[in-house]
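Residue numbering begins at 1 within each chain, and the chains themselves are lettered A, B and C in the order written.
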Amino acid sequence: MSELLRTEGLRKCFGDLAAVDGVNLNLEADVLTSIIGPNGAGKTTLINLLTGNISPDSGKVFFKGVDITKMPTDKRVKRGICRSFQIMNIFPRLTVFKNVQLPVLSVLNKSLKPFSRLDDHRDAVAEVERILKEVGLWEKKDLLAGELSHGDQRLLEISMAIAAKPELCFLDEPSSGMNPVERVKVLELIKSLSTEREVTFTIVEHDMDVVFSLSERIIVMNRGKIIADGEPAQIRENKEVRDVYLGEEL
Amino acid sequence: MLEVLVFQGLVGISSAMYLWLIAAGLTIVFGLLGILNFAHGSLFMLGAYFAFTFYGLLGMNFWLAIALSLLGVGIVGLVMERFFLRYIYHLDLPYQLLLTFGFILILDDAVKMTWGGVFMIPRMPVFFEGAIPIFGRSFPVYYLFIIGAGVVVAIGLWLLLEKTWWGRTIRASASDREMASAIGINIPVLFMMVFAFCAMLAALGGALGTPVRVAAPGIGMAMIIQAFIITVIGGLGNLKGAFVGALIVGMLSAYGTLLFPFFELFFIYVVMAVVLLVRPQGLFGR
Amino acid sequence: MKRRYFPPRLKYKHIPTILLALLIVLLLLIPQFAGKYVTYMTMHILLFSLFALSFNLLLGYTGLLSFGQASFYAVGAYACAKILLVVPSLLLGVIGGVLFAGIIAVILGFLCVRHTAIYFAMLTLCFGMMIFSIAMKWRAFTGGDDGLVGIPRAPLEIPGIFSLDMSPMENYYYFVLIVSLIAIFIFYRIVNSPLGLTLQGIRDSESRIAFAGISVRNYRLIGFIIAGLYAGLAGAMLPPLENTVTPPIAHWSHSAQAVLASLLGGIHTFAGPIVGALLFYVIKDIIVRFTEYWLIFLGIIVLVLVLGLRGGVVSVFQDRLFPWLRLRFGEGGANERITKD
């Protein structure tokens, strides 16, 4: 198993609060990992640090052996890291098709072309078609992204995340705000994308059903630190984890 | 040499007070209502024109003229907020700047229509005539009055915001509009009153200029840019910053005219650009 | 089932092209039939269109409100004027004007694009006024508030190959028209290209587009430079038309006119700024015949637009007229069902 991401002593404070407090983490390729923990555990801050949204107070982040601690987001994306957002972050005034076309063109390094017609780039168009069909949004390709239903916007989010052809993709609460039908759809999608494309997903989630049905590895955080890390069965039995969740059904 | 510098500094502080009056209103409106009112300079101009009319043309008592001019502009402010600004709070910045720019166009031309394009000549009230010798030069008594008035307004506003119920209400509404509404503060009325009050502050700046400054179409436009600069330097929404910013700009202007007679305006823009580039939240902003 | 092949039926998708062709023919014929005043006005409208497009590339497409586009207009104008006063070659003057505007755009852009929204707007306002005060005060170079005068309408020439006299207004009109049409066409290609899409992505969501691997700052700078070049082009074609250049073209109120025109026409469409530029001049022209106080009317129009019609004039067409036309003429192309005859 090759190591994709490694952190050493990652630390981030907001005022007096250590949101992420000395985290040593490593993520391996092809292992679908979930990061769980109560509210305020530092999960989203961790993702923000790993993807470059914010910079750490101390510590390092390595991706495939390269130190990316100081690297801005767009460069990390070019190296193979991507994410979806918990709060919907799509391009509302663009069509579904164009939403996906953007990252696809970027990966093909064609974003800067000022005179060519968008659709002349046949390779990009074909890739967008492939992604949208995989995700199930092809019929809606000409709708404005801002007009989609919540569930469809989430699917769009995910499709944009994988359009950037990442090796490691963080999904921040991919099933939040969804009804059961939509949730199943998203899960199926993550499962199939995981096997068909060479993407390793790391999911931050609250929904235990999602976590235990998808994950091959679970990392538990509390108060900025990792308190448990292992296979789902192990985590279920872990006393400290049960305490943290105060008797919640795991 | 020192005398010249100190004297010029006093002149700067005096002119800073007019700027302070506009900037105070501008920054409060931004802090509470979230709107950058491009037309604030036009309210200043209206205050000047009203005061000129009541005092200069109709010969009323100086203080009465000022009071009436404040009243007049206050009403204009009420109308502006109630029928226009209220509907754009949720819109993006470009639309806000545009709407208030529309008001500049309307007010500027309305002034030209009513009073003509002629300059209004200053007229000094008898009891303010004269000058005090400072460092061997004559410093007009009126300038001292202006400095006093500006400081009084500053202290008054500070007391208002810190010590009174009104002030607490305003500060609460500024930091969390929904919460304030939930505990029973009538936000629409509050906003209307505050905007009218800030309009009156600007008008006061214009009215107080009657004895020494010319009133002409376009003075509003010149003032608003400087007011913007001040609020940026001080920090948008920060009253203390507005006062300090006004002092800085006023003094820079005064020294600029002394030391770089051709480029004082340029100089001020450079300062604003530097502040924006280095510390955009201003000296006192968060 | 029979399909008619000849004559071909008029389809909806053909209409824009036909209208555009008619418009271009109309523009070409103006000097022949419409008289000097209309010709003069049309040139100004064309220049103003380029200026408004420059502004809207930043606002409508990239989400950046610039209150300082007049600075690039002014740099283009003054640079062209200075060149023409020394070397009477129209080509050199215009190209020089555009180039200098571009250089200033690179410098100012580098400083401005790292900031957003309100601070970006204020910075551009600030730099704009700095350039204005330079234009006003640096008598030796810019002529101060009198400006530069006696600028020749130099011939369009490539030495040794051809030389076209530009002094008849008609000739200069065709120059301005052709340059503007080419520039507008290039603008159209840019905003419909991957670059244009990227800028729109920046407008819609800065954070998301970083995750598409785009450096927001770099692309904003590119947009800023292109906008500066277009404003500079508009400005550079002014001196030969008016024979003078004065500081007001650098004032923020001139920038505001570009803002107004774009809003009037609709900031979220391609043609909006152009339509707005036309309307701005038409409205001004009409109102001024009745009263010198036309700014009040402009102000009222602004209020009406912001409060009621934020999509601008073009949106009225798009939301009402075009769907009706679609219905009337049919889609055309692949969407058309084969009908029975």
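Keep in mind that, in the parts below, contacts are C-beta pairs under 8 Å (C-beta built on N, C-alpha and C of every residue); 3 or more make two chains touch, one makes a residue touch a chain.
Keep in mind that what you see is a predicted model, and the values were worked out from it rather than measured.
Novice: Compare the CA centroid of chain C with every other chain's and tell me the farthest one.
Specialist: Chain A.
Novice: Averaging the CA atoms per chain, pick out the one whose centre lands closest to the mean of every protein CA shown.
Specialist: Minimum centroid-to-centroid distance belongs to C.
Novice: Roughly how far is chain A from chain B, centre to centre by C-alpha average, rounded to an integer in Å?
Specialist: 50
Novice: Centroid of chain A to centroid of chain C, CA atoms only: how many Å?
Specialist: Computed value for the inter-centroid distance: 42 Å.
Novice: So the centre of each chain is just the mean of its C-alpha atoms; given that, what is the distance between chain B and chain C in Å?
Specialist: Spacing between the chain centres: roughly 35 Å.
Novice: Touching at least two other chains at once: which residues of chain A meet that condition?
Specialist: As it turns out, chain A has no residue touching two or more other chains.
Novice: Quick one: which bits of chain A touch chain C in the complex? Just the residue numbers, please.
Specialist: Contacts found on chain A: 51-53, 72-75, 77-78, 82-83, 85, 89-94, 98, 101-103, 105-107, 110-118, 121, 160-161, 163-164.
Novice: Okay, in this complex, where on chain B does chain C touch?
Specialist: For this pair, the touching residues of chain B are 36, 84, 87-88, 91, 93-95, 97-99, 101-106, 108-110, 112-113, 221, 225, 228-229, 232, 236, 262-263, 265-266, 269-270, 272-273, 276-277, 280.
Novice: With touch defined as at the start, can you tell me which chain C residues reach chain A in the complex?
Specialist: For chain C paired with chain A, touching residues are 186, 189-190, 192-198, 200-201, 203-205, 207-216, 219, 222, 268.
Novice: Quick check: in the complex, which residue numbers of chain C touch chain B?
Specialist: 59, 65, 67, 111, 115, 117-119, 121-123, 125-127, 129-130, 133-134, 137, 252-253, 256, 259-260, 263, 267, 293-296, 298-303, 305-307, 310
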